[in-house]
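What follows is a short report on a single structure.
Read from first to last, the chains carry the letters A, B, C, D, E and F; within each, the first residue is number 1.
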Amino acid sequence: MSEDLKKRTAETAALYFKDVEGEVPYRIWHSFDPELAKEFSLFITGSIYSREKLPHPTRQMVAVASLAALGAVEELSLHLQAALNVGVSPKELAEVIFQVGVYTGVPAMNRALVTLREVLKLKGLWPPDRG
Amino acid sequence: MSEDLKKRTAETAALYFKDVEGEVPYRIWHSFDPELAKEFSLFITGSIYSREKLPHPTRQMVAVASLAALGAVEELSLHLQAALNVGVSPKELAEVIFQVGVYTGVPAMNRALVTLREVLKLKGLWPPDRG
Amino acid sequence: MSEDLKKRTAETAALYFKDVEGEVPYRIWHSFDPELAKEFSLFITGSIYSREKLPHPTRQMVAVASLAALGAVEELSLHLQAALNVGVSPKELAEVIFQVGVYTGVPAMNRALVTLREVLKLKGLWPPDRG
Amino acid sequence: MSEDLKKRTAETAALYFKDVEGEVPYRIWHSFDPELAKEFSLFITGSIYSREKLPHPTRQMVAVASLAALGAVEELSLHLQAALNVGVSPKELAEVIFQVGVYTGVPAMNRALVTLREVLKLKGLWPPDRG
Amino acid sequence: MSEDLKKRTAETAALYFKDVEGEVPYRIWHSFDPELAKEFSLFITGSIYSREKLPHPTRQMVAVASLAALGAVEELSLHLQAALNVGVSPKELAEVIFQVGVYTGVPAMNRALVTLREVLKLKGLWPPDRG
Amino acid sequence: MSEDLKKRTAETAALYFKDVEGEVPYRIWHSFDPELAKEFSLFITGSIYSREKLPHPTRQMVAVASLAALGAVEELSLHLQAALNVGVSPKELAEVIFQVGVYTGVPAMNRALVTLREVLKLKGLWPPDRG
C-alpha cells in the first residue's frame, strides 16, 4: 500500500509538474530535511492530489482560486502551469481569476492576472485569444 | 441589452441563492445605498457569474476555494449553499476544503470544515456519507 | 514634556473614545501588564494620534479604511464610534467602506458594513438617511 | 446617463492617474477581456471614485490606508501618485502610513514607507522636508 | 516504524491536548473522512510535533506566535492550553503576544490577549500575577 | 531611567542586528521623521525586546514564527540573522519554519525557507548540515 502511495505520488507529480518553470517546493524542502521532504510530498501529492474525488482540471482550478486569494504567486505560477498541463484553457484560467477578484479585491486579482500573463508568455500562448 | 443583463442577474441570483440561510449581501448594501446596491449586484451576479465561461458547479467550487482561503465564513456559507443548489455534492465540497488546507494551513481549513458542517446540518445532510 | 505627552494622550483619548461601547484595548493591556499598558497608550494615542499632522476626522477615516481592510471588527467598531465623535457622518463612513471594498473584495466590505450598522443602531442613527 | 458615466470615468481617471509610473490595471484587464475591462473601469472609477461623497484627497488617503494594510504595493504606488496629483502632501502621506502601522504592525508599515520613498524619488520630491 | 510513529503521535497528543476545552481538529476531520483524518494526525502530531528538534515549550511558543499572527483564535486557544500543559507560564505567554504585536499590529495582539484571558479564566489562573 | 532605556535599546540593537544585511527599519523611519523614529526604536527595541521576560533566542524564534506567518520576508531576513547572532542554530530555524507551515500552509512555509536559505548563504552556512 505504501508502494502504491509512492507510485501514485510519482504519477501525479509527473502529470502536474512536468516541465514547469520555477522552483518545485520539493527541492527546497529536501535541501533542509530529506526525510521530511519525502513525507510532505507523499502527504500532499499522494494523499491529497491523487485521491480520485475531484477531476484533475477541477483540482487545479481550486488551487488557482485559493492561491490567487492568498497572493502566493510562486505556487500560483506552478499550478497555472499544472492547470494547462491537465487541459484547462487560458480563458478558463482568466475567468477563475476574474471571479476570485470579487472576493479578494482588485489588487490580488491584478497580481494573479500578471502571473497568468507570465505563464502564458512562457508557454508561447500570449496574447490570448480574447474572442 | 441592459434589460438582458437584469434578466440574467435575476435568474442567476435565483439559481444560486434560492432559500439560503444568512444575510444576502444585497440587503446590507441596499440599506446604505439602494442605487449602488443595484450596480454591485448587476456587476457581480450579472457581469461575472452569468458569463457562460465556466459551468455553475465549477464557479461555486472556485468561490468555495477562494472564500475558504480568505476565512470569509459568512460568504463561504452562502456559496456552500449555492454549490449544493447547483449540484455539487457534500463530498466534493469537503474535498475542495481539504485540498485548500494545503495552501492555507490547518486553521483556515478547520474553519471552513466547521462552516460546511453547519450548512449540511441546516440542509438535513449531516452526517455525510463518508464511504 | 513627558507631562505634556500625558496631557495630550488623555485629551485625545477623551475626544475619540468617550462613551464608546466595547472593550477599550487599554483595559486588556493593563490587566496583563500595567507598565507596558501605559507605554502602549502614550505611544499610540500620545505620539501618533495627537500629532497635529492630520485633522482628527481624516485620522478616523484612515483608521476605518485600514481596519476594514484587516477585518479587525472590534477595533473597527471603536474607530467608527470615534469617527462619529469627531464629526464624520454616517454617509461618509459608508462611502469609505464601499471604496475600500474595491481593494479588499466583497466579504471584507460586507463585514465592515455590518459593523457600521451595529454602531449606528447603538447610537440611534439607524436607518441612515440614504438620500 | 451611461454617456455621463463614461465622461465622469474618463475625467476621474485623468485626474488621478495622469502620468503615473507602473502598469495601470485597465491594461492588464483589457489584454484578457476588453469587454469586462470596460465594465470594471466604469464600475470602479465611474460608479465609486466619481461619486461626490468624499473629496478626492480624502479618497486617496483612504486608498493609501487600505492598500498599505493589504500590502498591495503596486496599487499603493499608483494611489500614492494619485494622492500627490490631487494635492495631498508627502508629509501627510507619511503620516497616514505611520498611523496605519499601529493597526498592521511594523513590517507592513515599512513596506509602505519604502513604496512612498520610491514614489517621491520618481517625482523628484526626495528627500522629504522633515521639519 | 509505522507503529513507532503511531505511538509517538498518541503520546504527544496526550501531552499537549489533555483536558483541553474546544473542538480538537481531529474530530471534525474524522467526521468528514476517517482515513484522511488519521493521515493528517500522523503527519502533524507524529511527523512534526514529535520530532525531537525543539523542546515542547519552544514548540508551543512558536505555535502561539504564529497563530496569534494569523488571528486563528480557535487553534490559538488549543495551543495556549497546550503551552500551559508543558510548563510555559502565563507571563511568558503574555510576553510572546506583546512581542508579536510589533509585527502584527494592535488588533491582532488584542484578539490574542483576549483569547489568553479566556484560557486563563478556564484554568482558574485569572487574574495573572502581574509582578 | 530614560537614560537607562536608551542604553538598553542600544545594547539590544547591537546584540541583534550587528552586521545584518538589509535595510534596518530605523533608517527608513528616520528619513521621514527623526523624532518619531527615535520613539519607535525606544518603544520596540527598548520597551519590548529588552524586557528580561524571555531569553533572546526564544524572542528570535517568536519573531521568526510570526514573520513567517505574515509573509514579511524583509523583516524575517533581519530576524533570522538576529537569531543566528544570539545562538539559534540553522536546524532549529528550519524546524520552526516547518512547524509554522502547519498553521500557514505550504506557500508561506516555502517563502520562509527560501528566505532562510538566502540568509544561510549570506553567512557562509549553506548547505546546512542535515544529519
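In the analysis below, a contact is a pair of C-beta atoms (placed from the backbone, for glycine too) under 8 Å apart; a residue touches a chain by one contact, two chains touch by 3 or more.
Quick caveat: nothing in here was measured; it's all calculated off a predicted structure.
Student: From the C-alpha centres, identify the chain that is farthest from chain D.
Tutor: E
Student: Please indicate which chain is farthest from chain C, where distance is taken between mean Cα coordinates of the chains.
Tutor: Comparing chain centres, A lies farthest from chain C.
Student: Copies chain B, chain E: same or different interface, half of numbers shared as the threshold?
Tutor: different
Student: Roughly how far is chain B from chain D, going centre to centre by Cα mean, in whole Å?
Tutor: About 30 Å separates the centre of chain B from that of chain D.
Student: How big is the gap, in whole Å, between where the Cα atoms of chain E centre and where those of chain F centre?
Tutor: For chain E versus chain F, the centre distance works out to 23 Å.
Student: Could you give the separation in Å between the centres of chain B and chain F, each centre being the mean of its C-alpha atoms?
Tutor: 40
Student: Chain B: which residues touch two or more other chains?
Tutor: Within chain B, residues 36, 44, 67, 70, 72, 75, 98, 102-108 contact more than one other chain.
Student: Quick one: label the inter-chain contact graph as line, ring, star, complete or other.
Tutor: complete
Student: In the complex, go through chain A and note every residue touching chain B.
Tutor: 44, 48-49, 51, 53-54, 58-59, 61-63, 65-70, 72, 75, 91-92, 95-96, 98-100, 102-104
Student: Mind pulling up the chain D residues that touch chain F in the complex?
Tutor: 94, 98, 105-108, 110-111, 113-114, 116-117, 127-128, 130
Student: Quick one: in the complex, what on chain C touches chain E?
Tutor: 23, 25, 28-29, 31-34, 36, 40, 44, 67, 70-72, 74-75
Student: Contact residues on chain A for chain E in the complex?
Tutor: 36, 39, 43, 47
Student: If you look only at chain C, which of its residues touch chain A in the complex?
Tutor: On the chain C side, the touching residues are 101-108.
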